[in-house]
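In the two assemblies presented below, subunit A is common to both, partnered first by subunit B and then by subunit C.
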Partner chain A sequence: MKRRIDITPYLFILPAFLFFVVFILYPVIRALLLAFQDYQLTGEVRFVGFKNFVDGVIKDPVFWIAMKNTVLYSIVRVPINVFVGLIIATLIYQCSHRWQSVFRAAYYLPGVISLVVISMVWKWLFNPNYGLLNQLLLKMQLITQPIPWLTSSKFALPSLMLMAILSSPGSAIILYLAAMSNIPKSLYEAASLEGADEFTQWWKITVPLLNNTTLYLLVMNTIASFQVFTQVYVMTKGGPGYATTMVAPLIYFRAFKDYEFGIASAQALVLFLIILSISLIQFKYIRRRGEYI
Partner chain B sequence: MMWKQNRLIVIILLLCGAIVALLPTYWMFVTAFTPEEDIIRMPPRMIPQRPTFENFRKIFLLTDPKKSLSKWFLNSAIVSVTVTLTSLFVSALAAYSFARKKFYGKEILFYLFISTMMIPGEILTIPMFLLVKKLNLLDTLWAIILPAIPAPFGIFMLRQFMQDIPYDIEEAARIDGCSDLTIFFRIILPLTIPALTALGIFTFITQWNMFLWPLIVLSSPEKYTLQVGLATLQEQHVRDYGLLMAGASVASIPIIILFFVFQRYFVRGLAAIRG
Partner chain C sequence: MNKSIKTFCILIILLFFTLSFAQKIEINLTEFPRWSYGPHGDKFGWIKEQIKIFEKKHPEVKIKLTELPWEGGIEKRQISVASGNPPDITAYGLNEIIKPILEGLIEPVDEYLTEFDKKDYYENALNAFKYQGKIWAFPWLTTGIMLFINEDLCKQRGVVLPKDGIWTYDEFVDAMKKLTFDKDGDGRIDVYGFGYYVTPLDQAVWPFIYMDGGRPLSEDMKTYTFDSPQAISGLQKLVDLGLKHNVVLPGCAAMGPGDIWQAFAKEQRVACAPWGSWAISALRDPKKSAGFKFRVLHYPVSKKGDKPITFIGANGFVIFKQKDTKKLKLCVELAKQLTNTENQKLLIHYASFPTRKSASKIYETDPIMLAAQKIIAYGVIVPPHPEWTKIDDKLSRQIQLACLGEISAKDALTLPKIEIQRILDRSFMKKNKK
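== the complex of A and B ==
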């Protein structure tokens, strides 16, 4: 029997493949090369070994400030966001179907609005003289002086954290609700028969069985948090001083304002390696524990 | 009895949380409809006392029509619609092949695609910028549209969905003499509509809200998308919060409408990302 190669399957893939090669694969390879090159705006390229890493990472104090701010921001906001998501999802899960869909929508809605808009609104809320936040706090007599939220180097980074914490963890809530509905009801029935109260059931059954979701959310949120850009760009431009300078905005300014493509690429590669290691932790952990839902 | 009481407390707690979550969005609309002189009046009113369209009128007439909010709105719409339709079509074609065809190199190709799913787009901005510059596409909407078309995640999700379509329908059509292309358009695509809708909504919203990449490649105001336009606007009109919130409202309203029309897809779409 003569075998003929059918090219139809390849033709179906061809358009996606071409776009993929030009706009993903090639840039990925180029990104790796650029980190080791000196790139002039004239297009002149020269290999410089690890010079960009020395100048842009090891010896650049601003990069370390940006890294410190980014880590601090992530460590504070990510666990709180995920925990708040778990609590809200637990509460929503107790409600009737009608209320469930109302709350799902209410908590998810802010998540579809653009970060540029959200940042503009928060900048207005944070306005020291007329902003709603200071007005409310003054009225409730929680403060006596208006807080200079974004304009003082002491409050600027905590203000960005506060904004992230008070923003609804919509997708975490949706994912937790989906995972909760997969937990077999029989587990809870067995637990009640043995006299476990509702909190014990939540703590001993629900929370452990949501481990994979929790881990997934922690990793995904950390990755997103390490790339925070829009809030900083719109609200503070990294200031005052370097108080809110973070890694992604720093890379942007190095590349597209200073035109230091080589140095910015080295910094981007370091950021990528950090993100990659965070996601590898997740894969390792999940494989060891195995999926049980 | 005890349970009834608890449920009331749960709902009250959730309502309080929802107020916190929705307050910024609500405050954006309130400020947008408040006349300029009332915005800095203290104490702030939670409901506008003298609602007005003045801020909206001002922002639409702000500069010459070529560089105005309506132009930016149009640019955003062009980009989002084009990317969504093209990306969905290209991804669906590839997903069909990956889901239902046997061919040499299938596994390797598929894993090549999805292995790049974890690479954050932010990392690629510099080489992408140099590429777009070389293609002479800087400061055009093509610079945003073309790089957004390859969607490894979309291929992955559509493949999962297409794998579950029963084979006998396809076999029957093949016996009737239908070509692969006919089967794709007449049978597979219509049966994939739920997944395509969910993916389409997500692609559209992602494009509509995209900021960093358009900010990098667009330089002339008449080419701006809404997000880039708003960000520059808030640098020029630092104190005019009524105007800025009106602009922010205009940028959000299409997305909010989309959200309410396709609400159930948001839940399903997210579940698909996880699963």
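== the complex of A and C ==
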């Protein structure tokens, strides 16, 4: 007897699938093709092989400056953000349920505010002449001259890192708290009976059992860090000089300011490959460490 | 098929055809906020009024207005062009449309300019839209950058300003030194003589680099020439204001125009700053400034007798290529309406200057605007090169670093030479291939 296929589930996923094809899959394939083409504003395209990769990646010194800045930013930002998230989540986890909810909301709330608004506020905080940070440091006599936070090549990138570090790691806290609540209490009870102190319990039980969450956070934070855009666009426009030029804003400017869509796509493709490689390394290394659980 | 379904289908088809024939010609117009117009102070009020007039005259036309903000609006418009959905008509400066011109996206307007138009437009206004021998827009307004100085602070510090508005670099430095002072006696400088910003595609500090004769590109735009001793000495003069004479707001070279406006117009922590002529009406608006007396002056010249220099920007209505000749004609008519004498007279509300001689006398009773008009008479434009945005970006970043004292003036103008020359060579080769 011929088996009848029930199309109902397919119909349910059809809208989401169409959305995925039109707004994600098609643009990705188009961008991939564009990396090997010379695109004219008239819509005319010409196959140019690897020319865009040579002009926009290999021979473009600004791309490598941007890549160096992005890597540095990510190296500093990602581990600190994940670690701070873990510490705060551990502290909150000790509180009663009511206080846990209060802290959860307090830490997550800044996450729903537009990054543009947050960047504007930080820009004012960093203002060398009347920004709050300098005023505070001068009042406390910790400095004698205002620090040129965003107006010096030496300080601009560390200032953006500082902003990223001091911004609340809301989503990391929420995820860690959820993961911590899944760790069986019996493990802590057994460790306690064996005489393990609180720090040992945290280090030997909590941290290893959160490995999968840590992996997820590291991967997601790395991707987000490599795609940093808003802060740079609002606060420094990549300056002074190229001190805070990052890859994502550079791609944007190449495409929509210089109309170099082929080069922008080639740069985007290289960025994608770099993020993919880093994510695979993170998966391989951290998953292996977590496998004994 | 039963009868009622058949009737229904026929009705639908008839409705479709009726609607298609009745469909109006749609013209997409993109505009930015201009001056407050009408009882509600709508910044798009003038253009909306013009649309009403045009639609009344042409009932078959529907003009779709896209209102763009200044913040990010220019980029949105660029994206619309890049994605193949440009507006039919919009106001541009020449440098923004060179690439689209070369790609064949813009309609030249020479054949639509009447003899009266050609006589009535100022020559420099038409020249501001001339590229490869053709005119690419209906000129609407001109503006330019100049130095704005706080007269109240000058009076307080005993600074005498040049009567004709022209001063030498040394006179400028002396004035700025007097205007740099500790206001509250706490031992720290509160007011600085000069404040400026170095932003890509904004020539606020370029008159300094041009002061001794330096120019970024050769006449034929094939060679980079900003590494000349004249250009380096001009940039050195700008750098010295901050690093040698200490008369510049610290770090201002890396700040945005908004920060400098705050320091100049609202907090009066900067006595002199470069702005476009739009700032005249902004400084008269108590909501936008602290309300002080001000004057407009030329950028300093190197020595007495030298001709001052500034940068001007012209804005004109550009028409993107149309397949439908009827629609093209309507776009031309609309552009002509927007740039006619009557509408140019309204530029009095926008602190910018008409491009038609027949509308030129709008500022006769306004001494500051008259002074500004005299300043922009010395205006030049940036080289109309298709890759100017890239070249400008590279130069701006190096000039910024020199002004912050991180590299020398010489390095700032010689380091980008190889890259800029490569851009020029590649562009020339591309042009030749075409």
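Assorted remarks:
We adopt the following convention: the second predicted complex is superposed on the first by the 259 of 293 C-alpha atoms of A that agree within 3 Å, B and C clash if a C-alpha of one lies under 4 Å from a C-alpha of the other, contacts with A are read in each partner's own complex, and residues count from 1 in each chain.
Criterion: a contact is a pair of C-beta atoms (placed from the backbone, for glycine too) under 8 Å apart; a residue touches a chain by one contact, two chains touch by 3 or more.
Keep in mind that what you see is a predicted model, and the values were worked out from it rather than measured.
With subunit A as the common reference for superposition, the partners subunit B and subunit C occupy clashing space.
After overlaying the two complexes on the shared chain, residue contacts for A:61 are found with subunit C alone; subunit B is out of touch. Taking subunit A as the reference, the larger set of touched residues comes from B, when subunit B and subunit C are compared.
With both structures placed on the common chain, the touch criterion links A:31 to subunit B but leaves subunit C unconnected.
Of the two partner chains placed by superposition, only subunit C is touched by A:40; subunit B is not. With both structures placed on the common chain, the touch criterion links A:261 to subunit B and to subunit C. Of the two partner chains, subunit C is the only one touched by A:241; subunit B is not. Of the two partner chains placed by the overlay, only subunit C lies in contact with A:128; subunit B stays clear of it. Contacts of A:152 after superposition: subunit C is touched, whereas subunit B is not reached. Only one of the stretches 257-265, 275-283 or 329-337 in subunit C has C-alpha atoms clashing with subunit B after the fit on chain A, and that stretch is 257-265.
Comparing which residues of subunit A touch subunit B with which touch subunit C, the overlap comprises 127, 129-130, 255-256, 261.
Partner subunit C is touched in their complex by these residues of subunit A: 40-43, 61, 127-130, 146, 148, 150-153, 156, 236-242, 253, 255-259, 261. Touching subunit A in their complex are the following residues of subunit C: 75, 78-79, 81-82, 84, 99-100, 103-105, 199-200, 249-256, 259, 263, 267, 269, 387, 389-390, 393, 397-398, 400-401, 404, 406, 419. Against subunit A, in their complex, subunit B makes its touches with residues 6-7, 10-11, 13-14, 17-18, 20-22, 24-25, 27-28, 31, 39-40, 42-44, 90-91, 93-94, 96-98, 101-104, 106, 109, 112-113, 116, 118-120, 122-131, 146-147, 149-150, 152, 155, 180, 184, 205, 208-209, 211-212, 215-216, 227, 230-231, 234, 241, 244-245, 248, 251-252, 255-256, 258-260, 263, 266-267, 270-271, 274.
Taken together, the subunit A residues at the contact with subunit B in this complex read 5-6, 8-10, 12-13, 15-17, 19-20, 22-28, 30-31, 34, 39, 88, 91-92, 94-95, 99, 101, 103-110, 112-118, 120-125, 127, 129-130, 132, 135, 139, 166-168, 171, 174-175, 178, 213, 216, 223, 227, 229-230, 233-234, 248, 251-252, 255-256, 261, 264-265, 268-269, 271-272, 275-276, 279.
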